[in-house]
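Below: a set of structures, written as structure tokens.
Same chain, two partners: chain A is paired with chain B first, then with chain C.
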Partner chain A sequence: MTVRQLYDKVGGDYENTLARFLTEERMVRFALKFPADQSYALLKNSLESGDMKEAFRGAHTLKGVCQNLGFTALYEPAHRVTEDLRAGNQVKEEDLRELEERYKELLDALRAFGESNA
Partner chain B sequence: MAPNVYSEKKRILIADDSPINREILMDILGNGFDYVEAFDGVEATEILENENEEISLVLLDINMPRADGFEVLEAMNKNRWIDDTPVIIISAAQDVDFAERAYNLGVTDYISRPFDVHIVRRRVQNTLMLYEKQRRLLGLVGEQVREVQKTASMMINILSHIVEFQNEESGPHIQHIRVITELFLKALGQIYPEYKFTQEDINLIGTASALHDIGKITIPTSILNKPGRLTPEEFAVMKTHSAAGAAMLDALPLYKDEPLVKLGYQICRWHHERYDGRGYPDGLKGDDIPIAAQVVSLADVYDALTSERAYKKAFSHEKAIEMIKNGECGTFNPRLIYMLDSVADELYSRLNGAPENELDDDMRKLTAEILQKNDITYTGRTAAILEKERKKYTFFTSVSSDVMFELSYKPYILTFLNDAHKRIGAKHTLVSDPLDSDELIQCCGKDKLQDIATLLAKSTPGNPIIAYEGEINIDGGKHLCKLVAQSLWTDSSKPEMTGAIGKIFIIE
Partner chain C sequence: METKENQKLKILRKYLPLVVVIAVVAIFFAVFMINNNKRVVRQNSEFVAETTKQTASRIGSELTSAATSLMNVSRLCKPDVDNDGYPEDLKLINSVIFENIDYVSIEGVQYRYNKETKEETSFSILTAGENGGEPTYFTEGKLGKTGVYTAISDDVIRTSRVLNVYTPVYKKETGLQDEVAGVIIGRFPESKLLEFITQSFFGQPSAVYLYSLNLTGDNDNRQIDDIMLLLGSDENDEAQTEKVSLFENFTEEQAAQLKSDLQGIFDRRNESRDGLMYSFGANSTAYFSFVPNDHNEHPWLVLQTFPASVTAEMTKEVNMEGLQLGLGLILALALYIFFLLAFGYLERKKIVDENIDKTHVVNALTRLYDRFVYVNLDRNVYRYVAETVPEDADFAVEGEYGQFIKSVTDSCKDDYDKDLLGEKLKPEQLRGDLKQTEDLRYKYRSSQRGGDKPKWEEMTVICLSRDGDGNAEEVLFARQNISDIKEQELHNQGVLKEALRAAEDANRAKSDFLSNMSHDIRTPMNAVIGFSTLLEKSYDKPEKVLEYSRKINSSGQHLLGIINDILDMSKIESGKITLNLSDFKLSELIDEISSIVLPQVKAKKQQFRLHTYDLHHEEYLGDKLRLTQILNNILSNAVKYTPEGGAIDFTIRSEKKSGNIEDLAFVVKDNGIGMSADFLKVIYEPFERASDKYTASVQGTGLGMAITKNLIDLMGGTIDVKSKPGEGTCFTVHIQLRPVEHVDDGQFWKDYNIKRTLVVDDEKDVCKNVTELLKYATLEADYCTDGKSALEAVKKSVKAGTPYDIVLIDLKMPDMDGVETARLLRGVLGEKASLFILTAYDWEYIEEEAERAGIDAFMSKPFFISAFKQTISRIRSRVSEDGAKGGAGNPIYGMLFLVAEDNEINSEIISELLAVSGATCDIASDGEQAVEMFSSSPAGKYDMILMDVQMPVMDGNAAAKAIRALPREDAKTILIAAMTANAFADDKKRAIEAGMNAHIAKPVSLDVLKATVASLKENKEN
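Moving on to the complex of A and B:
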């Protein structure tokens, strides 16, 4: 699988990310670190325990990381969730569902990519 | 490989709660730097607390656990770390309201997410360069202050030596008194925090200490230089020197209110008072005797004891300390005696050892103090220094509604101060290659830029100020404006223009 194929598969912005990162090597190196990022877990757990301040921080960090790595499809729901939390609004169910789906897709795709290029 | 003094890497503190974001930043900036990472605001503040002097730059995220980026900025302001350590904030492009608040807290620039390798590198380089330049400027001003101060204290020393010449005992007395006085004051401030001497106070009192015996000019040389003990009548005449010196200073109508002269008055008049009230001329007691006079008095006694005089030989350092502690030279403030004990060793090595290298450090502190004072009406230094400094700082501190800027030639960068870049429609505070900058050309046209550059190039160290009038785009419309700038030069024998400082204001 090529890096472009990976980004296409997960709804990422290959062109723009490459332009910012200059090399595919750097893109891949950091994309593969994404599964270890704790911000999604922080968001989920904090929402469950009702800690809205930490939930916001989780969503905000997740949004920032996605933005940096060019994972647009995941960035979008993360952005909406962040803004709702920032404004103190109820987070929308459909946003959370979309977030979870995109997140799982992304992890699967990264795993497949990692295996195919091992 | 030859050792390279510049090989030491600059250290960057990256404070961001996301490890991936920190790693991306380090990767982008490469291994030309050292990195310290902080996961949250508390950690960042702790690191700054311990090693702010080693940190050349802070990359600061705003949303962090425990303490956010603003709290870190507030701590950096409170402790004045922000003066020497620039901060770049990391934020999403849409958080503009954050940016405003951060700029007000002294942030130099921002990096927005998503990170772009070129932008991140450029912002970091620019900020480091700008601060490097400021540090050089600080050094330059320090050089100037040092020069002027040297001249001022040289004049005072010459005057005082005239007195001492007549006095024959002369020698390095004046210089000693100053060194001892400054040493005492510094130690006193360290031991007793209630004495809040700034470096500037210490320098002033040190300079004024040279005046302590100027009243001796009124004493007949037959008494002044008499070998052996003075008769009670002669001693009575001798004792008039302190009040006489004070009266001389009091008769200077122009300078009477200068801090230096006020301190000189206290020192002249009361450097023979004693803490128990048994001194002269006024028999002042305890802390009615101004602290400057108390300190100079102790310095004077110590130096007299350890020097050879017409009527006595020199006592050893140890013997002199012992005699003072035993009250053989009158009673001193117990705090001064305690202080004397604690600096006795240093006192000996300062007067007998190698020339002190602390002077540079003192000058640095003094310069920093002057730069920190934004109040131009302040008259803490001698008139000469004030005049010279005023010229420079009026530019930065006067009417703040002006667009103020700094120009450097190497590298060729124009920097707007106080966010003034926004008023002329520039995106950033830093504009590199200003003559070719589209933003500046938009603002005032290429020909005007060229005219101003030519005027500046024609300025000289003796005639560094230029003025220019013309219509420019400012505050969203065309206005007739005036630009005033002053070129800056190196101090060397062949002065070189290093840049300029200046301001633009609307005159219609």
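Moving on to the complex of A and C:
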């Protein structure tokens, strides 16, 4: 699987990301660091415990990382959730569901990519 | 020999009394025995005398009684003279005394009548020739005399001696005393006779003899003619028949003597009853006694003996008693003597024991005291006692007391002692002084004979006895050597003085330090004040302003250094300093040190050489800041105290220790002024500085080495210094550190497509070390030790289709130098490979030439993988990315950013992107940390701050505000750009309001960043 194929699969912005990172190698190296990022977990846990301030921080960071790595598909629901939380609104269920689905897809794809290129 | 004689004498003396006593006792006993014997014999003699007398008396009375009885018979019997035959009257008389009574008629016919058979026998007694033919008794009887005689019995049956008593009988008609009719003879039987003489003493039969004396001469003068034995108690029958002369066994003289003795008694027999004591041999006594009898014609003599056996027995008994008594006495005496001896022994033992104790005491005392001198003040004499002798062999052991005083004062070394003792030892003075006390003591120093060192002595004067008034009469002088004590005392005084001096020194050091400090602090302070005054006056002259402000800055820095030292020292002294351990790169440590030391070295035109050996790791866990401080201190000192043109060698060597600990040795060697041995002793003391002409011109607090030593101690390391004045100094610091292992995954090399490397250095050790490090980092590495062989190797690699990717070349090599080698290699390798120059020297002066030779980069020795990687990424990004090089196209090249970003992925991305563009960054994980890092950084360290806005603890806006509020010059001017995902206007506005210069949208791209920086720089310049 090529890097482009990976990005296509997860709904990522290959072109812009490569432009910023200059090499595919660098893109992949940072992309593969994503599963270790704790922002998603922070968001989920804080929502469950009702800590909206921390949930916002988690969402915001997740959004930022996705933006940085060019994971647009995940960025979108993350952005919506962040904005809801920033505004103090109720987080939409469909946004959360989408976020979760895309997050899982992304992780699966990264794992598969990591294994195929090991 | 003499002792043997003495011993003999001793033994003799010991036993002589005993011998004498025994001899005396023996003599006494002998005398006692003799006396006993004599006494017993005497007693027995008396006894036998008395008994003999009694026996004689009894015999006498028996005979008298018999005579009387016969005379009575005679009176009754009136024989008929006309009719022959045994008178009828007589037949009728029955005498109880006599066995029978014979009748002798006047005609001389003896008639005998047997009462039992009633027979009459007769025989004529007249024989011719014998005493006129008539027996004596007949003759006497006819004369009217009564007597006794013995005769041999004419019994038919046996011959026996008989004792006969005779008396005349008278005719009937004529009546009394008228006419003798005949003689009657009463015959005693032998048994009767024996009865008379049988005697026994203590059960032992005594021999008794009855003698009859034959006398001659007339009645008035009768002489004993012969002594005849009549009867003997122990006679046998045969002996009875004969007369036994008493004198038969005697010599003539003896016989004559006995006869004369008996004659004497015989003559006095009517006046005294004395007999004659007669001795036979030693034990036997006998006694002669005359039988008192008037009727006997021949006087009778009784001899009675006392049994010798009894005497012997008695003597023996008495002697035995005496012996027992004597033995008892001897025993008692012996016991007495024994007890005397025993008590004497015990007494003596006690005395001996006491003497031993006393001897011990005296011995001990003589060890303590050298001399004992007894002095009698009254008699004014002295005497050395207790076996001590004068020190001066010529000085008399005893003599006049004045002489002794003189000997003491003469021995005194000091005149003061001489005078004092001369006065104090005078008898009157002593008496006076001793009135109140029992002893006096005087200490003085005496000059030792032959010895160079005078000794201290103590004279103790002890009062032994006093007279009636309580004045000292006898005293004892005891002299003791107290040199040791005195020396100890003097030594202690010295120690105290030393301690006092040390305390004063320490105090003075502090005072000196304070005054130095005041001077050292005041000097830069004066400069600051002075130049700031000048600055004020010269505000319109920019060049002056620049000059003064630089001078103020430099003085301020110097002042800060002094104050930092003092603070460090006080922290160390109060134990408040702690180590801040973290991973650090050795290369960074060396870089930092070099950057500080090199300018100083350059300024003094000194040579600075860095050597590294056996460095296996480049990252260690330790306190880099403090380690830098330690090495800076030592190196700065080396620079300071090495004159211009000198050389300083800095060597780093590592040695593997047990476990994963390495011992790092840092050696700083200079050929400077060196230090004196005295100063080396105090080099680590605070506030100490070597002081001489040279050092006087060197500024310093004197705290540097103290701080250094304390920090090394804190790290568990050691510091060692060797130095000689004028030759230089060598400091060796050993610190044990744990290396941080980084497993190189080789990703870096893959990224840059680097596989094969070649090292060219004339020093084989360096080659080995560098290739080792390269191999450790997963690269292939070869080495050559000169340019030519390097060229060959490269040619070979190109031929083989595996050319080297990077060649590291030493700058200074013999034959062919680094630049020349590079030029040749470039020709072979083409543009693809990178050529690095590895050097310990400044390369600025050849930079241009090097570039022309095709050298891509310079690396300073020692070689570190991290520095290698840094260099590679720098040159490769420069090569691969358009405009990544410095200049108008890349405004961020060489910039150091402070990036505040809480997310790890984001911060890693940004730092790598910055690196790609030749910039570097430090990461702060939140706003607060960013403020802290900035505030603690030296002025001008960071070129720009990239601030994430949304962060925990302190957000970007707050952090920017805080940074702007910091009281430092660059707080207002530092460029700060906010990084935010939302390009909303109010976000931007808030950022600007917080004091930030710009806003960059996330995700941050290099282009946007470069553009922002470029515009900001432009703004700034305008």
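Methods note: the second predicted complex is superposed on the first by the 118 of 118 C-alpha atoms of A that agree within 3 Å, B and C clash if a C-alpha of one lies under 4 Å from a C-alpha of the other, contacts with A are read in each partner's own complex, and residues count from 1 in each chain.
By definition in this document, contacts are C-beta pairs under 8 Å (C-beta built on N, C-alpha and C of every residue); 3 or more make two chains touch, one makes a residue touch a chain.
Computed from a predicted structure; not experimentally measured.
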Margin query: Taking the superposition on A as described, I'd like to know which of chain B and chain C A:E25 touches: first, second, both or neither.
Written below: second
Note to self: On the A-aligned overlay, A:Y7 touches which partner chain: chain B = first, chain C = second, or both, or neither?
What the structure shows: neither
Next item on the list: Look at A:Q67 in the shared chain and tell me whether it touches chain B only, chain C only, both, or neither; answer first, second, both or neither.
Entry: both
Next item on the list: Once the structures are superposed on A, label A:F113 by its partner contacts, choosing first (chain B), second (chain C), both or neither.
Entry: neither
Next item on the list: Could you tell me if A:D37 is touching chain B, chain C, both of them or neither one (first, second, both, neither)?
Entry: both
Next item on the list: Jot down the residues of chain A that show up as touching in both complexes, chain B in one and chain C in the other.
Entry: 19-22, 26, 29-30, 33-34, 37, 39, 57, 60-61, 63-65, 67-70
Next item on the list: Please give the residue numbers of chain B that touch chain A in the complex, ascending.
Entry: 17-21, 23-24, 27, 63-65, 92, 113-118
Check: Okay, in this complex, where on chain A does chain B touch?
Finding: 16-17, 19-22, 26, 29-30, 33-34, 36-37, 39, 54, 56-57, 60-61, 63-65, 67-70
Checklist line | Partner chain A, residues of chain C touching it in the complex | finding: 747, 750-751, 880-881, 902-906, 908-909, 912-913, 916, 950, 952, 981, 1002-1006
Item checked: Sites on chain A touched by chain C in the complex -> 19-23, 25-26, 29-30, 33-34, 37, 39, 57, 60-61, 63-65, 67-70
